[in-house]
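Just below sit the structures, each encoded as structure tokens.
Presented sequentially are two complexes of chain A, the first with chain B as partner and the second with chain C.
Moving on to the complex of A and B:
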């Protein structure tokens, strides 16, 4: 199934707003379920399973573990479990967008939206940066391991500020250098041409886009209904 | 400076680091003044266009640029879209795109690279795609900014062929480069820069006729690999301090390393050479205890080391040294992760590598060579005894390369075991005491002393 990049952006935007307006767990499961389906049909089964397990774990923590904890501690766990879980659908759609969209297709689709050239280029460079960030992160983690600094969750909890500093400083420096280099390559290859862009691949709305848009319209409707009736 | 390059000429810009050659390439492709701002006086004309007055989009039609880092010049995940990326920017209709793609495949022999995932390509293949993508838009001028820095010998050979082909088809070519040996039969003219000025400008034949001593004095790398004098020939008592036994690694259903065994002694400087993808980095990661899914034993003074112990004993100086400096000052960097840092010892160690004066500076504000030395200081303070360098001399001029040589030699004298992943023949010949040549995950040659010369043929794939 191939979705138009514009559809992917639209559902990402709808999801980002919905997850915070929504109060119903049933609707939240649907909001998480659709990206899971999208990930699995686009061949990212492993990633889909990871996200699904994480979502389920956080849901079970809220439903079964938090009620058994002392109130203050339970409150902290509740906050983490619920807020991270609410963000998961956005992360999933983001990773779906990055994994399945080539920059050239993305550019061709969003130039049709007639956004400003600067914004278009910034979006494209950002999209292109993520896979590289993963490589950079792997090498920073190696470097930390050799210095005996832990980049694990345990390290993050015991020395949060220190660990974040050790990750962010090298990552930010490499990010600014890499995005600079990508931008230079882009402009010397004529990305600033003002005419309409072409694309070697077909870009058009398809039946799949229609299905997804209908599904999301239904989710939004369901959310409004659930909000009024106070559904679980 | 004044420089005129005639149509169809192929010019090499060379000179020590910081001489301004990259700046000249940026003037030619319009990144200065359109991307890098600053005070620009004078005039630059490319194909009759004043670069200051012309939009960069129009300049990009006339000038194509291939950059140094293969990882940061592509935009798509698949090669086909990447090759036509520039044409898409110009709104060329789909049918014409397909036609041009097939035409290029023929002309540049790309059939093996069509329809592939770029993230799975080697550095050399990525660079070839970058070249094809630039070439696809048929610019009259091609600019190269240190295009070979991250490539192995075979890939450099292929790059040389591509540049040759571009020259034959009448392109005007400007190449800024430290490694000059592969360009000697291609360029027409050599412009040597120093401190932002053109120090000499000569025909290629005159440049080739210069005596070797002049080239050294100019701070340039060798013009011919076979003249790299062999140094580092020193008898070292074999103590078998480090011993790797039957190391194998399987990744993604492929044997990346296959039953590798070797021994290394204190004071050795061992080059690990081989084409990209031969398994050099995986071997290094294995020895440092960073690689999961490996089998085999790594022994230190005869005792097997667990992965955790290897991470304590070993250190890797990365190609991107910035990734391993975490704090906001040189002094803090040295004390990081140490329970009771000894200030005097830190000062002494910094003094040894001329970094004491930079104690309060932010590590990432240092020069590349200084960052490299800081990483080494850190490894010393942490008591690391096995040091692995990943491409420590890529993109370095003669002087900086020699400085890395001095650094590694002094570490070897201190009794550390050094392994150096490198493509740099000059460095292997002059500094390393031994070369392990790896092919398809196996050590196929272990060269030392006079045998080291064989590495050139091995890396070219001729043996």
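Moving on to the complex of A and C:
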């Protein structure tokens, strides 16, 4: 099953808004259940089991442990358990989106949304620069270790400003050099061309997209209904 | 690259925007993620983030002193947060505060350090969006307990300690103070390294 990246963004938006407006636990289980299905269908079974166990544990804490605690402490536990649990469906959809969408597919979808061209370029660079930044960070850490400076959390807490300096200066200097290099490469390849562009990735809605959208429409309808009737 | 005097964003600016937005977002993300993991540091997340992103912000403003750049920073941070499944109010805050910070910086043509610092203070408040659900949670807890037939009131407890009314202003003030410190560190590092190295 292949979903269009735009569908994934849409269901992520629907989920993140409705999860906090929703009051019914039954609807919340459905909101968490659909991403679990999507994750297991796309072959991320291990991750799906981890999320499912976490969700269940938080739900059980709310239903069985909180009512037995004294009010103040129970309230704090409730806030944490419920807050994290409500974020879980979005985390799941987010990791589903990232695991199943290549950067070029995502960018092709963003281009089709017809945002301004500048924003599309900036976003493309942001996503493409991610692995480079990881490499740079690894080299900086190695260089720091060679000079006997620790880049760990302990070093950060004992000499915060110094550690910041050691990390930021090489990171930002190399970033601005790389940004000049990318600019030259991009201009040589005609990024400033104003006409319509073609794209090597083909993006189109399919039957699976329709199914998912219908499922989410049903969930939203169910949520409104549960809100009116006060379903648990 | 040849420097141009144009006030409008050009391709090379968009590319710089992309790279530095990612650095800003990743720093905020990593530091914020670590801070939110323990219940003790949880409320201090925006302040800790504000201390660390100052340098990136100051370099960003100095490197791309054009109207629109900070708005795009807000948009990209919002998209990255949204796609990773963070609470959506945080994305909205980044969008709105990015545009406001843009206007503040542009009003002084990006040259005044005071205005830039003010803009950074606004931008640093964006992670506060993560706490919006905390405002409605005590009422939900009470509703949950009432459903169970137990009339214990957590909201009442919170009101009796007087915790709700000062918590948010205290966090805002704390974040602004940390943003000022972060901005000053940024200014110091800029003078010491980046201006000498000819990055800006």
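Everything below uses one rule, namely that the second predicted complex is superposed on the first by the 148 of 232 C-alpha atoms of A that agree within 3 Å, B and C clash if a C-alpha of one lies under 4 Å from a C-alpha of the other, contacts with A are read in each partner's own complex, and residues count from 1 in each chain.
The criterion applied here is as follows: a contact is a pair of C-beta atoms (placed from the backbone, for glycine too) under 8 Å apart; a residue touches a chain by one contact, two chains touch by 3 or more.
Predicted model only: the values in this text are computed from it and were never measured.
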Touched partner set for A:215, first chain B, second chain C, both or neither: neither
Of chain C and chain B, partner touching more chain A residues: C
Contacts of A:166 with chain B and chain C, given as first, second, both or neither: first
First (chain B), second (chain C), both or neither touched by A:10: neither
Which superposed partner A:193 touches (first chain B, second chain C, both, neither): first
Touched partner set for A:182, first chain B, second chain C, both or neither: both
Chain B versus chain C as contact partner of A:201, first or second or both or neither: first
Which of chain B and chain C A:139 touches, first, second, both or neither: first
Contacts of A:61 with chain B and chain C, given as first, second, both or neither: neither
Touching partner for A:94 - first (chain B), second (chain C), both, neither: second
Contact residues of chain A, present in both the chain B and the chain C interface: 124, 165, 169, 173, 178, 182-184, 186-187, 191-192
Chain C-facing residues of chain A, complex: 9, 12-13, 16-17, 20, 23, 62, 66-67, 71-72, 74-76, 78-80, 82-83, 86-87, 90-95, 97-98, 118-119, 121-126, 129-130, 133, 153, 160-161, 164-165, 168-169, 171-173, 175-176, 178-180, 182-184, 186-187, 191-192, 232
Chain B residues within the chain A interface of the complex: 29-31, 34-35, 55-57, 60-61, 63-65, 67, 69, 71-78, 80-82, 84-94, 97-98, 101, 119, 130, 133-134, 137, 285, 288-290, 311-312, 314-316, 318, 320, 322-328, 336-337, 364, 378, 382
Chain A residues within the chain B interface of the complex: 102-105, 107-108, 124, 128, 131-132, 135-136, 139-140, 142-149, 165-166, 169-170, 173-174, 178, 181-201
Complex contacts: residues of chain C adjacent to chain A: 1, 9, 11-12, 14-23, 25-26, 34, 39, 51-52, 55-56, 59, 63, 68, 72, 75-76, 79-80, 82-88, 133-134, 137-138, 140-141, 143-145, 147-148, 150, 152-154, 157-158, 185, 189, 192-194, 197, 199
